[in-house]
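Report on the following structure.
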Amino acid sequence: MKVLVLNGPNLNLLGKREPEIYGHTTLADIESMVREKAKGMAVEVEFRQSNHEGELVGWVQSARDGFSAVLLNAGAYTHTSVALRDAIAASPVPTIEVHLSNIYAREEFRHKSLIAPVCKGQISGFGAHSYVLGLEAACNLNAR
Amino acid sequence: MKVLVLNGPNLNLLGKREPEIYGHTTLADIESMVREKAKGMAVEVEFRQSNHEGELVGWVQSARDGFSAVLLNAGAYTHTSVALRDAIAASPVPTIEVHLSNIYAREEFRHKSLIAPVCKGQISGFGAHSYVLGLEAACNLNAR
Amino acid sequence: MKVLVLNGPNLNLLGKREPEIYGHTTLADIESMVREKAKGMAVEVEFRQSNHEGELVGWVQSARDGFSAVLLNAGAYTHTSVALRDAIAASPVPTIEVHLSNIYAREEFRHKSLIAPVCKGQISGFGAHSYVLGLEAACNLNAR
Amino acid sequence: MKVLVLNGPNLNLLGKREPEIYGHTTLADIESMVREKAKGMAVEVEFRQSNHEGELVGWVQSARDGFSAVLLNAGAYTHTSVALRDAIAASPVPTIEVHLSNIYAREEFRHKSLIAPVCKGQISGFGAHSYVLGLEAACNLNAR
Amino acid sequence: MKVLVLNGPNLNLLGKREPEIYGHTTLADIESMVREKAKGMAVEVEFRQSNHEGELVGWVQSARDGFSAVLLNAGAYTHTSVALRDAIAASPVPTIEVHLSNIYAREEFRHKSLIAPVCKGQISGFGAHSYVLGLEAACNLNAR
Amino acid sequence: MKVLVLNGPNLNLLGKREPEIYGHTTLADIESMVREKAKGMAVEVEFRQSNHEGELVGWVQSARDGFSAVLLNAGAYTHTSVALRDAIAASPVPTIEVHLSNIYAREEFRHKSLIAPVCKGQISGFGAHSYVLGLEAACNLNAR
Amino acid sequence: MKVLVLNGPNLNLLGKREPEIYGHTTLADIESMVREKAKGMAVEVEFRQSNHEGELVGWVQSARDGFSAVLLNAGAYTHTSVALRDAIAASPVPTIEVHLSNIYAREEFRHKSLIAPVCKGQISGFGAHSYVLGLEAACNLNAR
Amino acid sequence: MKVLVLNGPNLNLLGKREPEIYGHTTLADIESMVREKAKGMAVEVEFRQSNHEGELVGWVQSARDGFSAVLLNAGAYTHTSVALRDAIAASPVPTIEVHLSNIYAREEFRHKSLIAPVCKGQISGFGAHSYVLGLEAACNLNAR
Amino acid sequence: MKVLVLNGPNLNLLGKREPEIYGHTTLADIESMVREKAKGMAVEVEFRQSNHEGELVGWVQSARDGFSAVLLNAGAYTHTSVALRDAIAASPVPTIEVHLSNIYAREEFRHKSLIAPVCKGQISGFGAHSYVLGLEAACNLNAR
Amino acid sequence: MKVLVLNGPNLNLLGKREPEIYGHTTLADIESMVREKAKGMAVEVEFRQSNHEGELVGWVQSARDGFSAVLLNAGAYTHTSVALRDAIAASPVPTIEVHLSNIYAREEFRHKSLIAPVCKGQISGFGAHSYVLGLEAACNLNAR
Amino acid sequence: MKVLVLNGPNLNLLGKREPEIYGHTTLADIESMVREKAKGMAVEVEFRQSNHEGELVGWVQSARDGFSAVLLNAGAYTHTSVALRDAIAASPVPTIEVHLSNIYAREEFRHKSLIAPVCKGQISGFGAHSYVLGLEAACNLNAR
Amino acid sequence: MKVLVLNGPNLNLLGKREPEIYGHTTLADIESMVREKAKGMAVEVEFRQSNHEGELVGWVQSARDGFSAVLLNAGAYTHTSVALRDAIAASPVPTIEVHLSNIYAREEFRHKSLIAPVCKGQISGFGAHSYVLGLEAACNLNAR
């Protein structure tokens, strides 16, 4: 089993950016945590980050070539991208939406996720652990 | 460590009610799954269900007496109860919001959770497995 | 055939409360009218009232044990209870919504019924006679 | 006693149009059912249908000449006609709003009835039986 | 000079309908008042009433054949007819909107006039005298 | 009979300000037209202008001392002043709202008049002639 | 193959009305263009225009008697008629919505078409050529 | 004279819950303050608290048996309960709405009180002293 | 201790204006009641009224020179004045909002107070007694 | 004559993606159909697809170098891209908006096209044939 | 060249009022900074402040007598005054809107400026330096 | 000191695109003006333009490497990009928002800037001079 973990705009700044919201963990730290967990479950993971909406759309499309699930932290595009939504809806691979922070405890415009209705499920608010839980959810989906 | 699992209105019907949305699993089945997982993590769990908003408010209040976390599937009260929200906000015990179905893929009025902004995080859409993930999230919070 | 007639909050005050809107008929008077009508149609009826949302939810759930239809005047909960809506949607027993007054001729916030979309039909504005018409509608549904 | 039964646009198509919503009963079938019921109550009925808003307005106006009540299924004009609303409000004859389908279980724009606030009451969702219940409600109003 | 006075739905009921809003004056009384005023100003008037939106549209269109101005009390169509609005906008003849009652002191949905932006001006709230003022305004426009 | 004509903010600029909307007529020109008309009807008029909301409120209040009617062109305060609205509602003297331009054919925020519901009637869109028609309306009210 | 071309209110004025929006082409000109095109495709067309909503509703209903498609320029009723929408939804004959002007480049209230969701497709903004394209689309639908 | 003081959900937590908003005073402290004040005015008070909407509805209903006024701090139900509103409107006993905090300086959803329109008056923002002022207001009402 | 009592537009009309809402008490009567109460509490009061928004803004600003609290009945400016709100927010002196009538039981546009979020608290609906309660609240604030 | 055909995000998936909405035709199939049609009209076409908003913006900008028209199926960017809108508005080359599906018969958020007001016209709902009609419309524009 | 600098309500409090938003600079300090800058550019400035909407309206009107530009910090009237907007629109003198704080980073109701659409441009968020930049912008406008 | 000047989508078209809004100045002309001004202030500037949202996000992120301020004219992304907003909020380098045209005097959807709340300040409406003023504001920020 192989899981694709996609990270949207500004997540490359993690650990440097607004630490009072996102903490000091970097994206590399998260990747390590996820890889460690994955090893224990005999799952392969691939980690990518992009600031480009179109590139993320392309990655979601190509997930059908070899991946069993997508973990997606779309960052700001969560709230503005109909294109990502369409790519997810068109994908035969289940997508799981994850967020580091509890998006419902932040600004009004972050409460509405355009991609949530076409994802399998959503996990938000547990910091880096949101990714670990998402990985587990992905495996469980597959095991059914 | 002890976790309180609270279930709101109509969840006692699980397995009998609208199976195309919630599946055939009963609340007792979920309780078993959660207990099994908990045993493996050396955690104690207590499971309750009520159709009464006031009773749920009372249970959230009393969680401070001996519990380390609350897993809350507030059902329909998710969308209408400011009283539950106030009880959660007033509680020193972290509350984790769980949903069986992906609430963002259902009717418009279920997209807005009144309790989300005061919960630690939200997990929705993974069926009974949402509870298991919630339990894990709760333990992870405690372990920090 | 057995029909369950449920009455929501403040309906116990009927006849005493704002008579310019609801008239001088009491809930007991309505019960008599319905029983008389029911007798003529060889139908058994059970009459209940509660101010508690959770108790009404429970009664709707338990209607599946022996009742062929539910007549529901949910009073104020008509406009605020997603929990009642869920209970009705989950019930295999058809529910008929009745109102004494024409709710569309009253305050703005009473124009929206949360339960209407999951009820079989709605009868409003004919005073106590709304119940009698509701009973007849229930029997007709069953006769089909 | 004489009751005027008015039917709005597209109801002439009944039985042919979208049978999954309205069933296979034709307007003529409904007229028969109403006439039979009326005979049993010694009531005279007159049945009319029009696709023209202005013609329906005129019929509501002229009901004062000899009719004791109007049963009105305004069809699509229910949601768009202030002119019908004004005609009903100006009429000394009580008007009862009927609908074959449960308008609250359909598209959003059918949830708002412009005429409901000036009608005596509303009956919706019982198919052709909605007319029979409406006739009975009309007679009961008169008998008071 | 010749002025066309058009009256919309239900205005044929004037004097009989809701006298607490419109008074006891009939449409014939208004016609007399307007004719008398017109005589003093050497103006010819033509008076028409219809409950049909399409007929009013046709009359507005045909005003270009011989009329210098249109006085229009569109009644309920004031608030719902884009077709009348288009006809007025397309007409080379200036249209003056008149209302018997002060439409801004009535129900919310009567506060919005769809035709006001394409009329020359609006006079509302002076009872039958609104028509007389409208006639005068029409002549004054012409005299410029 | 004595009529008070009140003019709100910026009307002192008339003739100089945005002539494509208001024309080249000055406030003094309007005063002359109104005075001439008034003489013919044996009515006395008093003309005032202020840019101060509070001063206009005071003038509306004091109208009860000797005036039979108020003609009010509240200018921009038409759309923002609850204070003027309260003063008009509290006054035993009928107030007639006049506007030079057709306020419904201009910017969206000018379509809503806060004072319209408490005025006797409204005349808008006839340029300076709006005042003359308003004066006539005032006299007619008095003559009833 | 036979196509019914229906034209709504004010389209009889075409060529005379607001030429800066609709151009100088008359409805007869459009009919000629469509007939010429139809001849080349061996299609028969029938052209009608009405200012009456009810008449248009009737024509849409009767299209099932011998027509393969309806081209509908509903004019102002596009934005206000639920009755037309219902007639189209009830019709077994595919309806194609056409507009001379680009309705999305005009006033806000013309951006919403009530009939679009029940039509097969929409063509707007190409002047008289919109009809020709619509005819071609109709034939293509049939050819599938 | 006897006054009923009702306290809604979560008020039992007072002094423990979010002290930065409500302070350290407990509900028992408030009861003492009110009793002391009441003694000085020779008034009898009865103090109750419930987390159940239905129980509060019942208490408001029963106030007619022996109480001259109700002081109501409905807590979260202030913003969600139409049932409480109906009970207050139906009650012959005047109800005074009190709040510890200034509800207008808090979250948006707390700015709207469903019960305010049917209460006699509202006092909010003075901490425990809001109750004392409410008691005084109640006595003053009675003394008139 | 010295308290400044400020009264907004139209309050000088009290006793004469819409007595069915405000009663027959004049502003002078209220001043007497407040002075009498103040004497008993050894507090000095200063009473002012203005129809000018700017003058009220200036008075709120100058309260810092010698006053311990401001009682403010801003009348109509309650609902429109951001300037008053800013002055209150900038003032080191606590401001208490008072209203004679229950503003939540009146017209929709009076339900929203722009100044409430920056006042200490609000008292509304107790007639002239609202001022007396406000004075008491002011003293209590000071005594803390 | 040369026409540029631009395709937005996810259109590369055509034929594989949600076939119940878009059918089994691939983008290559559409290109063939358009090329065949173009050959018959002696028109040259260039076909491009991109998932990147910025790339599409650049292509619209560069159309001025040699193209007579742009056919644009902007996919999801139709509903979110002000940048595309600006590029179209700034372009001297006419743009025609095409859609495979009837966007008005789909989710609410797809009903609003940000680019429609600056395009020449819109064709939606005819599947791949929408492109063919668009090409024809483009040529007709040019022929004028 | 002569520039008029106008300051709205509460700006006289600058330096004393909410320093966490506006800083410790007083209006006199700003005047000094602006005068110094003006001297270097050989520009004359006149500085005024008023809490009265009407006075500000008057000053904007009179700017045409000798001033080349107006710098306007309308304070709270920015968000409520249609009168100021009208005065600016009517003025031949260009007006530049300045704000000390970034109004878009503050409360929701401060995000909407009623005067922005009729000003030449807007500068906000640079503290006292906003005025200096505004002065420079004014001179640059004049120099064109 | 070094300032990064970023230009969003379509700004490469400047001078060619809609000159009635933006004038004939090209982006190169603006760069020259800014460079000249910068030289006089001994500031270094770097000028970039992109049509890609993701590229602009990346540039804002990298400003922390050597730049003291960012001048950002985000063009259309001003109104749609949450990703840019997040990048600005996360940046330790102050960002100043500039616009050539007065965005508040244009279409409704351009009145809302998503990035304004996280920028230091905003300058709009002064054509190319907006950049010069922005540069000056940036230096002044740094000098503090």
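When the chains are written out, they are named A, B, C, D, E, F, G, H, I, J, K and L in that same order, and each has its own residue count from 1.
Criterion: a contact is a pair of C-beta atoms (placed from the backbone, for glycine too) under 8 Å apart; a residue touches a chain by one contact, two chains touch by 3 or more.
This structure is a prediction, so every number in the text was calculated from the model and none was measured.
Trainee: Among all the other chains, which ones are in touch with both chain F and chain I?
Mentor: Shared contacts of chain F and chain I: K.
Trainee: Just how many steps, at minimum, does a route from chain G to chain H need if it may pass only between touching chains?
Mentor: Graph distance in the chain contact network comes out at 3.
Trainee: For the Cα fit of chain C against chain D, please give the angle of the superposing rotation, nearest 5 degrees.
Mentor: 180
Trainee: Please state whether the interface between chain I and chain K is built from the same residues or different ones, using more than half shared residue numbers as the mark of same.
Mentor: Different, since most residue numbers here occur in only one copy.
Trainee: So the centre of each chain is just the mean of its C-alpha atoms; given that, what is the distance between chain B and chain K in Å?
Mentor: Chain centres of chain B and chain K, defined by C-alpha means, are spaced 54 Å apart.
Trainee: What is the distance in Å between the mean C-alpha positions of chain C and chain H?
Mentor: That gives a centre separation of 31 Å.
Trainee: CA centre of chain D versus CA centre of chain J: separation in Å?
Mentor: It comes to 47 Å between the two C-alpha centres.
Trainee: Chain H: which residues touch two or more other chains?
Mentor: If we look for residues of chain H contacting two or more partner chains, we find 52-55, 80.
Trainee: Which pairs of chains touch each other?
Mentor: Here the touching chain pairs work out to A-B, A-J, A-L, B-C, B-H, C-D, C-H, D-E, D-G, E-F, E-G, F-I, F-K, G-J, H-I, I-K, J-L, K-L.
Trainee: Which of the residues in chain J come into contact with chain A in the complex?
Mentor: 8-10, 12-13, 16-18, 50-55, 75-77, 79-80, 109-110
Trainee: Please name which positions on chain B make contact with chain A in the complex.
Mentor: Going by the criterion above, the answer is residues 102, 104-105, 113, 116-126, 129-130, 132-133, 136-137, 140-141.
Trainee: Which of the residues in chain D end up touching chain E in this complex?
Mentor: These residues of chain D touch chain E: 52-55, 57-58, 61, 80-83, 85-87, 89-90, 114.
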